[in-house]
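So that you can tell them apart, the chains are marked A, B and C in the order they are listed, and the count of residues begins at 1 in each.
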Amino acid sequence: MLFSAHKLSCIRSHKTLFQDVSFELSPGQLLLVEGKNGAGKTSLLKLLSGLRRPDSGEVKWNQVNILQAESDFRTYLAWLGHQNPLKEDQSALENLTMLGHIRPRNQVSMIEALKTLQLGHVKHKFVKTFSAGMKRRLSLASLLIAETPLWILDEPQAALDKTGITLFETLAEQHLKQGGMIVMTSHHSVNIAPKYIQTLTLGHD
Amino acid sequence: MNIIIKWYYRLGAPLWFYPLAGKLIPWVTALFLLFLIPGLYMGLVTAPADYQQGESFRIMYVHVPAAWMSMLVYFAMAIAAVVALVWRVRMAEIMIISSVPIGASFALIALLTGAFWGKPMWGAWWVWDARLTSELILLFIYLGILALYNAFEDKKTAGKAMSILTLVGVVNLPIIHYSVVWWNTLHQAATVTAFDKPSIHIDMLIPLLLMATAFKFLFLLVLLLKMRANLIEQDIHSGWVKKIIQDKQKLEENNHV
Amino acid sequence: MNTFLTLIKRDLVLAYRGRGEAFNSLIFFGLVILLFPIGISASEKLLSEIAPGLIWIAALLATMLSLDNLFKEDFQDGTLEQWAVSQHSLISFAWARLFSHWVITSVPLIIIAPLFALSLSLPTDAIGVLIVSLLLGTPLLTFIGGIGVALTTGLKKSSMLLPLLVLPFYIPVLIFGASAVDVAADGWSASGQLYILAGLFVLGITLAPFAVATSLKVSVSQ
């Protein structure tokens, strides 16, 4: 499995956010996208997940352009943006069930996933009673039940406290050890063994 | 085949299109006037007065071509919408947004001239005739497309949304037209549409065709002007626009010297 | 298929748990119909004559306005993104959402409509036709309106844009729907109009989801 980008560029409102961005990602690797606010990190991630077309360049999964591969790429992808894709009027378990249907499902039970993210005790509580950190953890729990080697995460650690951040790092490292790949943006540093990490910095000026 | 591909890429690139359109404009203007002047003269002066409607029927020479154009423009937009969505050609999107006000204007002219025609004939400024009602709905569809485009800040997204709406419209237009015609038959009673095409005499037909052709060139003329204007407006920050401004400034400096 | 049904079930559960928002369009429907006898001070005879068109216009407006936020919540909380990025087609997502919305919003309206019809002195013969015409027409209004909603989902302030886009396309449905009830009230057969409505129904239900899915992709890519 190979996830690669070739000379990507993105133009928004007449400004070139970035150009000539390329990288290659193999199983067990994490690509950390850094840069100041407004440098285009989210836009890059949207190009990588296929939500937006690049203004030039290509994103490839196993050497096939992801926009042509369509489902052949998307079955391997789990995306998490800034928002938490949760319905407030449903419980944690109900939300997880829905998210479990959207992505391909693995063998991990939902209860187990909730417990790993320390949400086991609130599985039947409505999400509207959750704190921001809990909501983020619930979104992360949905990654655990998905059979998707590639994770593209935009600020996964946002709103998490120290415990939450450590939880995330543990999960990420485990995913990488199992041969998964991660692309993520972050304002924090990521405490994982450096051997896993590639860094990409946007907006050098 | 190579020529076609060459022209396809030329028309698709702003850098080529802008000066090319600029060169075409005087020619199209000439063609427009070439057909307009005889058309108007024959239509307003030499064509025989209608034995039923007298002189007021002459407004047909503006009303009918305007109505035809309002529909032709829409179909041209629909074709451009397919090109824009399938092949992602930006110039096609520029063509659509440039055409919308033109098509809307033709529809408005058709409606107003229809009203001016109707008043002396039937004593009413407006009749809920099938054609006029369809024309009014078409005007609203044009205005809706314009409103949608303007609501988006990002012009790339705006162009795509506008293309989708245009295509939805082109599928719906025949349905709308025939349902309005059907609806109209419910209320027809004694009203005979003034806008029915009578078996038309050749002396009336020629000026009509001249005017129709003139209006096609008018569309082309205004389209070229608007596309150039829209291109400049959208690309105001880009290199090619700056170069054109620089060239113009140099030209002016040379003229003053 | 499973995902499709899960999504419908989710929407129904959310509507049930919601704060009664689904009823707002029903109340609006009633209010519009109420306004006419008040505004026109019409005789019973006049009311019964305009009743077919009036009920249809009220149903049309209520349906259209209820659609306004159909995809907005999914867009804002990121659910729409998840569907756009998933292996599933946005077409089945669109279908499921539109169908759930129809069940939640239009079905109660169809049930209540006969009551309002009676209040407007619509002959009872026509009420059966009214129900059938609404059964065929309201899904059409929902699906066609869905295209307009999908196009305007990404916009920050939609301010009356949806009606502008969608009302012209509602006109054929209104023409045949109102006419069906009209002729039935006069004692004639409405089968012609109903067949045409059925034809439009099939056309709209099959084609609209493609346009909705394409429009959603455009909205999500912003």
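The definition used in the following text is that a residue touches a chain if its C-beta (ideal position, glycine included) is under 8 Å from a C-beta of that chain, and two chains touch if they have at least 3 such contacts.
Just so it is clear, the model here is predicted, and its values are computed rather than measured.
Q: Report which of A-C and A-B is connected by more C-beta pairs in contact.
A: Counting C-beta pairs in contact for A-C and A-B gives the edge to A-C.
Q: Centre to centre, using CA atoms, which chain is the farthest one from chain A?
A: Measuring from the centre of chain A, the most distant chain centre belongs to B.
Q: If you average the Cα atoms of each chain, whose average lands nearest the overall Cα average?
A: It is chain C that sits nearest the middle.
Q: Could you work out how far the Cα centre of chain B sits from that of chain C, in whole Å?
A: The computed centroid separation for chain B versus chain C comes out at 33 Å.
Q: If you average the Cα atoms of chain A and of chain C to get two centres, how far apart are those centres in Å?
A: Chain centres of chain A and chain C, defined by C-alpha means, are spaced 37 Å apart.
Q: Centroid from C-alpha atoms only, then distance chain A to chain B, rounded to Å. What do you get?
A: Centres of chain A and chain B (C-alpha means) sit 48 Å apart.
Q: For chain C, what residues touch not just one other chain but two or more?
A: In chain C, the residues touching two or more other chains are 221-222.
Q: For chain B, jot down the residues that touch at least 2 other chains.
A: Within chain B, the residues that touch at least two other chains are 154.
Q: Can you check the complex and tell me which residues of chain A touch chain B?
A: Touch residues, chain A against chain B: 12-14.
Q: Give the list of chain B residues in touch with chain A in this complex.
A: 153-154, 236-238
Q: In their complex, what parts of chain B are in touch with chain C?
A: Contacts found on chain B: 85, 137, 140-141, 143-144, 147-148, 151-152, 154, 157, 160-161, 164-165, 167-169, 171-172, 175-176, 179-180, 182-183, 186.
Q: Provide the residue numbers of chain C that touch chain B in the complex, in ascending order.
A: Residues 147, 151-152, 154-155, 158, 161, 164-165, 167-169, 171-172, 175-176, 179, 200, 207, 211, 214-215, 218-219, 221-222.
Q: Along chain A, where are the residues that touch chain C in the complex?
A: Its residues touching chain C are 46, 49-53, 71, 74-75, 77, 79, 81-87, 89-90, 94, 97-99, 101-104.
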